[in-house]
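We just call them A, B and C in the order they show up, numbering each chain from 1.
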Amino acid sequence: MTRQWGPPLAVLVAVLGLWQGGAFHALFRLRDFQLPYPVQIIQAIVDRSDVLWRDAIVYTGPEAAAGLILGGLLGFGCAVLFASIPFLQRGALPIAASFNSIPIIAVSPIAVLWLGFGQPSKIAVVALMVFAPMVVNAFKGLYSIEPQSLELMTSLAASPRDVFWKLRFPHALPYVFTALKVGTTLAMIGALVAEFFNAQRGLGVTLSTNIQVAKMPIAWAAIVVAAVVGLALFGGVSLLERAVIPWHVSVRARGGE
Amino acid sequence: MRFRFDLALRLAAALTLSALVFGSTATAQTADKIRLQIKWVPQAQFAGYFVAQDKGFYADENLDVTIVPGGPDIIPEQQVTNGQADFGVDWVASFLAFRDKGLPIVDVAQIYQSSGLMLISKKSANIKSPQDLLGRNVGVWYGGNEFEFLALMDKLKADPDKDLNVIKQGFTMDPFLAGQMDAASAMTYNEYQVVLESGVSADDLNVIRYNDEGVGMLEDNLFATEDMVANKPDLVQRFVRASLKGWQSAIDDQAGAVEIVMKHVEPGSTTADHQGRMMSEVAKLVLAPGMTADQIGVMDAGRFATTADIAYKFHVINAPADPAKSYTNAFVGTP
Amino acid sequence: MTARRLRLPDPLPVLIVAGAILVAWQLAATLYFNASVSPEFRDGAISGADPKVPPEMRVVMMKLPLPNLVLAALVNPDNAAQLWLAGLITLRSAVVGFAVGGLIGFGLAVLMAQTPLLERSLLPYAIISQMVPVIALGPIVYSIFKDENVARILIAAYVTFFPVTVSTLKGLRSVDPNALALMTSLAASRRQIYLLLRLPTALPYIFQALKIAATASVIGAIVVELMGAQQGIGVTILRTQYYGPANAAKLWGAIVVASILGLVFFRVVAVAERFATRWQPEFRA
């Protein structure tokens, strides 16, 4: 355990120490209204812990997680479709990827008009953000198979279903997990920023309302809590990856991760 | 063709540079470069500055002014403090909040004398008085614009978290138009007009004005760093003088001001009519009834006190605001 | 090795699929519009000229606009500057953000791939960095880098580096152990192993990341524009939204332009992938 968690914790302690000591502030000539000190942030977290954690676990976290799952599933489904129909690979894949270029400031208000102020509209925003990385990565994994492997399958009279489940799907999994990992951060920041516009509660609401009235410690407390949730999501996906594809060289090589 | 402001600026800079290089009479000096960070996108809300720029009032004062548009991620107080802008426009409540946390900024002119903020609702929602808001879906702008609402709630002895359903309102009125909110925040000069233009007639709207309820706070100001006020008072004076001249001109010749503003707005996103109505409403807030023209920009001690008291009461600021340090009338009013 | 003629991706399939999407969109939008807006208000709901049109019906265009109107807004010469010129301006920023972000992302991944220790120490911070929204980051970056342009490039890079890091790291770690063993048994130097084995193995992953980063860099450019730029597709989106549902066609036009920027950039990277990794199965067909 210490071997795995030791280094990041050591770095964390060092960073926090430097930060509280004012190293970053001195180095970059920052003031506390641009970047609050760790003690201020921790104080704010403690003061508002019930609200912050409730927002994280009941509102923003679930928005991110649900959006991640929804966007991931949709993305994977489209990837399967595109991999089956070559014409779509050339025609539809770039369009699916281009959804990644639509900014939240455009999507969020429209989502609110359709789905209201609550969580559904934020989940929709997150799903859109996560969709493109998943499509691109999953497609690559499903499609980019060595011809020899395909020939081997056909020579063994494998059915298309076998080819999919025994060859394409496993080959795609490392790519899928890469997309999910990238997706966790997109999902958190997406949920956070979606809550800036037309929302009722959540970490994003706390963040944006406080940052514009100079209440930096509370705003950064919301960021820290969001980061913790994001790390937890990322960690969850990593654990899932180890459970699902323990055979993949990138997972094996690390040994006891 | 849209006025290519960036090209004009480059041309102006090039001309200034050539004037320097080739020498001139004794009066030739390099114009001082100034950046003004406005609170939101260019519109008649900031007409005075655009007029001052377009009509050469800034040039007359030897100033080369860039007006930087605002946006959802821009905090004018931060931009002025970190040197990205020399002057900023924001509402007094958030200005005081940032001062309270140590930002060394000073209000050098109070442009808007009276609050233009209100809550609007369709007649069918039956919200005739503030009391009727309780238990309803109400849109409130946060990020520094929510304190008049909180003061109103306080006046009603209501708890905003429990007694009604507050929604953090974005910067469009679409949710209100779509019926997702019973009451929404609006400015007299913009969102109210947008709603009227979107098919709701004035007869069909109920309006609650924060001013009428006695909880109006001061809004758009003009601020700079303490450092600039202390060390470059002449620069501040020139900028304020030219800006106030711009505001005066905008109020006197509103049609002309609208024409100038239209050069800076996103073409097609708004109409001259809309900006015209905005200009007319803004004029009422800048030159409030009972004021004389030479009082434009002057901070009234009483109105400041009301705003500061509300800010203190709702923990926007932790210490009562010090009028002597928060604002100065040295650059405005009749000398 | 015989030279194989590379089949470059031709634009036709994309256009055909786009056309199909437009047709489906037109059907859905027309059905929705006709269902939501009563006949006497239909013209008014589109033009915004009829004051009697109820507001709920006007908002319909914002929710699902009629594509023919969006296309009309896109080809209207009056809109050319705010849509297409703005798009080019945004694309230029996006390319810069992509380049810087890609380099930083790649460098960070190579660093972390050196030892698991480095990866475990640094990766959490890379993840956390993505959780800080621009509204909090902006004042810090502006304060450190006084130059507005440098600050903007860094903020844009900030948005794009992470997918590149994650994918590159994955790729660098996905080396076939047998191949690695073979190379070591042949006394290959570390540098040789990197150039001949690790990098080629990582390239497919890296290119997926670059494709995503390409599309994300458009967002990065837009986010940066919303911090005070005078022109750009993000600026267009913000301002057309602000003044009400009458501008719905133009707003959606701007959204389409943003997607097109991402699409074009994506294709450019896809073509680069073909050249750089022509040994991959799907390019050998």
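Criterion: contacts are C-beta pairs under 8 Å (C-beta built on N, C-alpha and C of every residue); 3 or more make two chains touch, one makes a residue touch a chain.
In this text, all values refer to a predicted model and were calculated from it rather than measured experimentally.
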Specify the chain with the shortest distance from its C-alpha centroid to the centroid of every protein C-alpha atom present. C
Most C-beta contact pairs, which chains? A-C
How many Å are there between the centre of chain A and the centre of chain C, using C-alpha atoms for each centre? 16
Taking each chain's mean CA coordinate, chain A and chain B are separated, in whole Å, by 38
Sites on chain A at which at least two other chains make contact: 34, 105, 109, 113, 196, 208, 211
Would you please write down the residue numbers of chain B that are in contact with two or more other chains? 72, 75, 78, 82, 171-172, 174, 178
Would you please write down the residue numbers of chain C that are in contact with two or more other chains? 59, 62, 133, 135, 139, 143, 223, 226, 238, 241
Okay, in this complex, where on chain B does chain C touch? 2, 5-6, 37, 41, 68-75, 78-79, 82-84, 171-174, 177-179, 194-195, 197-201, 265-270, 274
Note: in the complex, chain A contacts chain B through residues 31-34, 105, 108-109, 112-113, 116-117, 195-200, 205, 208-209, 211-216
List the residues on chain A that touch chain C in their complex, please. 4-5, 7-8, 10-12, 15, 28-30, 34-35, 87-88, 90-92, 94-95, 97-103, 105-106, 109-110, 113-114, 132-133, 136-137, 140, 143-147, 174-175, 178, 181-182, 184-186, 188-189, 192-193, 196, 207-208, 211, 219-220, 223, 226-227, 230-231, 234, 248-250, 253-254
Sort out for me which residues of chain B touch chain A in the complex. 72, 75, 77-78, 81-82, 93-94, 97-98, 100-103, 142-144, 146, 165-172, 174-175, 178, 180, 316
Chain C residues within the chain B interface of the complex: 48, 50-59, 62, 78-79, 81-82, 133-135, 138-139, 142-143, 146, 148, 223, 226-231, 235-236, 238-247, 250
